[in-house]
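Same chain, two partners: chain A is paired with chain B first, then with chain C.
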Partner chain A sequence: MKALKGVMPTLAASTIMLGLAPAAQAELAAVGNPRPAVILYGPTNDGGWSQSIDEARQLLEETLGTRIAQAAEIPETATAIRPAAELFIERGANIIIGSAFGYSDTFAELAAEFPQIMFFNPAGTTNAQNLQSVYGRTYETHYLCGMVAGGLTESGRIGFVAANPFGLVNWTVNAYLLGARQINPDVELSVVFTGSWGDPVRERAATQALIEQGADVIGQHVDTPTPQIVAAEAGIFATGHHRDLSEFSAATQCSSVWTWDLYLGSAIEAVSAGTFEPAPYGAFLSIADGAVDVACCGPAVPDDLAARVMEAREAIIGGMHVFAGPLYDRDGTLRVAEGAVLDDGALWGMDWFVAGVTGQ
Partner chain B sequence: MSTPETATGAFAIVPRTGRARAAWQSLRIVPLLEPRQTVSRAMRATVYLSALFLAGVLSVALLVWAGVPAGDLWRELSSVAFNSPRALASVLAQTAPLVVAGLATSIAFRVGFWNIGIEGQMILGAVLATAVAVYDIGPEPLRLPLMALAACLGGMAWIAGPGWLKARLSMSEVITTLLLNYVAFNLLLHLLYGPWQDPASRFPHSEQFAAAERLPRLGWQNLTWSVPLAAGLALALWWVMSKSRLGYLLDLLRHNRHMAHALGVPVAGISIAAVLGSGAVGGLAGFTIVAGIESRLTQDFFVGYLFSGILIAFLARNNPVGVVVAAFFLATLMMLGQSLQVFFGIPFALIRLIQAIFIISVAGSEFFLGYRMHWRRAA
Partner chain C sequence: MIDLMGFWLISLPGFAVPFALAAIGLILCERAGVLNLGAEGFMLMGALAGVGLTLNGTGAPVALMGGALAGVALSFVFALLAVGMRVNHVIAGLSMVFLAQALTSYIATSQRWTNNAFEGLRPVLYGQDAMVFLTPVLVLAVTWLLFHTRFGLALRAVGENPAAADAAGIDVTTMRFAAVLLGGALVGLAGAYLTVAVTQVWVDNVVGGRGWIAIALVIFARWYPWRALAGAVLFGGIEALIPRISAAGFDVPRYLMQATPYLATLGVMIWTAWRRPTSSAQPAALGRHHVREARG
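Let's turn to the complex of A and B:
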């Protein structure tokens, strides 16, 4: 008995114990007839986050054989999210897919109000019987792209343009340097936080500053391809985030990419079959789960380096953890003990940088 | 480019060649503009309704051109966007903060103080209100009033600087209020990525407010007390503006500052009061959103209200009741845009275009209220 039972677990449990048929109001409307709709935070052509979800939507249209409606540029405020979701539900959508952590509270309210509707929210933080927040273990992919950066740098100094300093950005910065040091143990990394998810002007200034400091490979975790474009202008290499950014700039030698169609496809299938079990603390997906991967490697990456990256990718799929001890932060404090790995709670709360990271 | 003899008027469309041109030249019809002294209510209503109708026709034409069947369009919009209580609730929920932001803008505009810093004042208001919530200041029953008060003070503090700089140093408030928005935003980011980061999710927004720190629900749909709060504020300001002595003096000030001064009206005091009042209401707009809608301090709760506030104040001609109407109009447009996107999969750019058509039509129709047009043959 795997069918979702709505928001009252005790009620669901008693139904199972009594062996009764599932209560009608708790049954997900999508069982046997999934009708997804997507609410996008950004424009469908942002070149990054929102576009990666919209591309998954188009792929899912093919695999499900049905049109999937979408509403774009829905800001992270309840007054905008709620009507969009309600209109979709009124129109018969029974799986609502969001795309922003700012949707989390409203999605939690909606999930309680509409127990028969399934909600997914990439980058969300709230979960329920019919609400699953999803994010990728992007430190795995940035570790791999960091290896590429470590192999390509001649100056031994790589730059990283990042959006905002908190857990899910900080872990990409740290993993990037750890990856780079697998190839070149002397690499140093300078990071600049732009304070914005997408600000091409500040990203350009940050990238130029990093290049002036001697960085000859640029990594990034922002929403636009600006760092790649500046890197190409300067004749150096870069790695991308969200999507394969080689389409914007030939400087791109590796990208951390979202493969949402793989996760959402199998999740929707499970919902339709009535077998979907939400992870109570959110689905935190690795390369092995198929929500995140690397697009590697560009033409500048030598074959032996590419082979090492792919070997490491296999190792990660096989269970290797990027943040395995002993790991010290840049102040010399031991953060992960010998033989231990960083747990998920510590990852989300990561407010420290590994030794070798300089910047703010 | 028209030759001198065909340049008959700014609005004349002159055929370039042939018989049509000859006929036109024999007529030489030019528009003459005569400023209207008075505008009747019926006239005003007719002009605005015509503008809305014209915008509607243009928008439908655009949508049909974009591939939406005209019959479906009417059926969907009339049945879902206007008739369902849920849709009305969504529009009202969006209207409330727009009203407060529009009021804040219009108060300052009334005394000729170009407050382009509504977003900064909203941020400071929301930050101080959140401080009351995060640090549990005051007993629980007084928590919400304290948050509102803190928000007013925050907004006032943020506009006091530009006000002082303008009064003492004649520094342009357009620049100072605008730039202070960025200072406020960076303060917000500092707090959300630093001391106020949500301890539960470790994401950059504040912790969720407790029940006593949120505006209570009205019990109808999902609306909170933000709606009556906005309506009450508009009503109070309407009374001040049109019934009170202060409102009369404000009008006098706006029309002739020097005469008001000569008559012994405390020009400086009244201006300062209006500017600080604008900031206070701006802060309250921030409070309305964090306590009435988001239930926490978020990174971009304020985005768009600067532009919307100016637009609303302009459409409403700084009249508080007009602000309510204009805000409702703007919220309806946003809601309509969402419906169109959801129902017909229309690209967002087209939605923006339609919203712009409506706003330009209504704003442009002001011209016909200001002037009477005579078409006559040129001498």
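Let's turn to the complex of A and C:
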């Protein structure tokens, strides 16, 4: 026992040295020969998040000229993620692309275990020398779709169906109203949170409740196209999220869409060239970086409005920030001072709504 | 405010019907002594059958009946396990949920039914569809069956004391099979209503935990069909109220409201435990297998 006590720390120390030292300088296996594989959280035809990544996979197959393997409907548990990732690595994949917030911890473990493999994880939160979490600045695109909503509303009241109230959802709600007010300064926005990412029963009830309260354009940040479908039934307009939802509904006039092929394409190229430098706090991508964009505009949008939306898109690409001061929340507190813009930390922690937003 | 109340009342039945149908289906099954935790799975099967049939143009009534049949099909598997092979009821029920989640997701994905909107069941009177009017009739029918027929007496005897029922000449296995299949039809119908009348679209896991709420509702109702209907109106009423209050801009504690049905169920459980045993209608042999040779 005494002898063991002496050995243990030495063993531990040498393991740490063995484990860490090569990881820091490991040559990525993808240099010169990128072989990506994709692990999807949902089914490839979910109409939203997972499908947007699978569509990027197919586009990348063409640009890279190689087949990219895919595993769909892998739940957010280590016991499901690990076998999929390890099988891909065993078969020669050297870039693993995930697709879920819930993959974050397992991907961090895998990245430490396989220092020669590059990992990307859209919606993830963990990062390392060979692991890059990625998300889009969706407030930019929702600002643009909000402009469309502001131009189309006749009642001056727009509705928004959202999943759960936290930073990356709240910023889409706020940006949506800020965009709408660029076109119609008197617009008010009601938001209903369903408490779920994909519950069509609640999404339908929320959309109907908003329409009953006089909303005549509906925005959404949930995963199913239900709000678009209900809007079409009521003969009003709506704007979508994740993908161009006009595929499912005639009501859809604008959508915030993922363009993962553009980001992943250039990132994989950089990995292959050996020049990829991961952002230590995750890559937080703007329209200019090509992970997020708008599909705009539908047939109900007048040409001059569409032109203003595209102008604003150019301005955002040129560096305009949606959350530029002075900006007050609905309780009257100054959140962004004159001449300042909201920094990324404050965006992720956004727990307030701009004046004009009702509902919790 | 009056408007809000009106819209709330109009939307309420659509939320209450799936809870009520699923709960009376579970009551039928559990009154015979078979603990059924598979409601979420039966509802998913019914919901998928409803979507598949409607998308293939059968019309809503046939789609609803197909949903009930899908419920029967999965409950047959459940009955084989839980009654025929005497697998632990809890494990058999839970495995039905996992089986249905995987199976429905696979079928919907391969058939490309996901996210395809369709026109489902339409309102006939006062903004309500036919199932809203049929549901109280079905509750009445289940009550009559359970408490006013020989079949119901035998079914309840099997759930209370299978050995005595067996001695009285009732075939316990057949009785339990019948109860599981009949109950499965109603739970499947509840799932079909959810997609054919409420969502009018399929996404994976569309039932969204409502099968579990139905199980809570059965405990809340102490295995009485009429109380289950009342509970369904209460639970459905809360679900219909939350988004409306939110959209109208009232500042209410949303998470507390969403917890209300469960708090009510807890309250009923505590209350009945306190007043035990006179008021509890929980079948005495719930979850217990009957083996003729074994004493117990």
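Everything that follows uses one rule, which is that the second predicted complex is superposed on the first by the 335 of 360 C-alpha atoms of A that agree within 3 Å, B and C clash if a C-alpha of one lies under 4 Å from a C-alpha of the other, contacts with A are read in each partner's own complex, and residues count from 1 in each chain.
The criterion applied here is as follows: a residue touches a chain if its C-beta (ideal position, glycine included) is under 8 Å from a C-beta of that chain, and two chains touch if they have at least 3 such contacts.
The structure presented is a predicted model; accordingly, all values stated were derived computationally and were not measured.
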item: Simultaneous placement of chain C and chain B on chain A, clash or fit; value: clash
item: Touched partner set for A:Pro43, first chain B, second chain C, both or neither; value: both
item: Partner chain(s) touched by A:Gly195 [first = chain B, second = chain C, both, neither]; value: both
item: Partner chain(s) touched by A:Phe248 [first = chain B, second = chain C, both, neither]; value: second
item: Chain B versus chain C as contact partner of A:Phe88, first or second or both or neither; value: first
item: Contacts of A:Trp348 with chain B and chain C, given as first, second, both or neither; value: first
item: Which superposed partner A:Pro326 touches (first chain B, second chain C, both, neither); value: neither
item: Which superposed partner A:Phe166 touches (first chain B, second chain C, both, neither); value: first
item: Touching partner for A:Thr125 - first (chain B), second (chain C), both, neither; value: first
item: Touching partner for A:Glu76 - first (chain B), second (chain C), both, neither; value: first
item: Superposition clash, chain B versus chain C, among 163-171, 199-207 or 289-297; value: 163-171
item: Common interface residues of chain A - those touching chain B in one complex and chain C in the other; value: 43-44, 73, 195
item: Interfacial residue positions of chain A with respect to chain B in the complex; value: 37, 43-44, 67, 69-80, 82-84, 86-88, 90-91, 101-102, 104-105, 109, 125, 164-167, 195, 348-349
item: For the chain C and chain A complex, residues of the former touching the latter; value: 3-4, 7, 11, 15, 105, 109, 112, 114-117, 194, 198-201, 203-206, 208, 210, 239-240, 243-244, 246-249, 251-252, 254-255, 258
item: For the chain B and chain A complex, residues of the former touching the latter; value: 80, 84, 86-87, 90, 93-94, 97, 186, 189, 193, 197, 201-205, 208, 222, 289, 293-296, 298-301, 303-304, 334-335, 338-339, 341-343, 345, 347-348
item: Chain C-touching residues of chain A, taken from the complex the two chains share; value: 42-47, 73, 159, 190-196, 198-202, 204-206, 208-210, 212-213, 215, 223-226, 229, 232, 248-249, 358-360
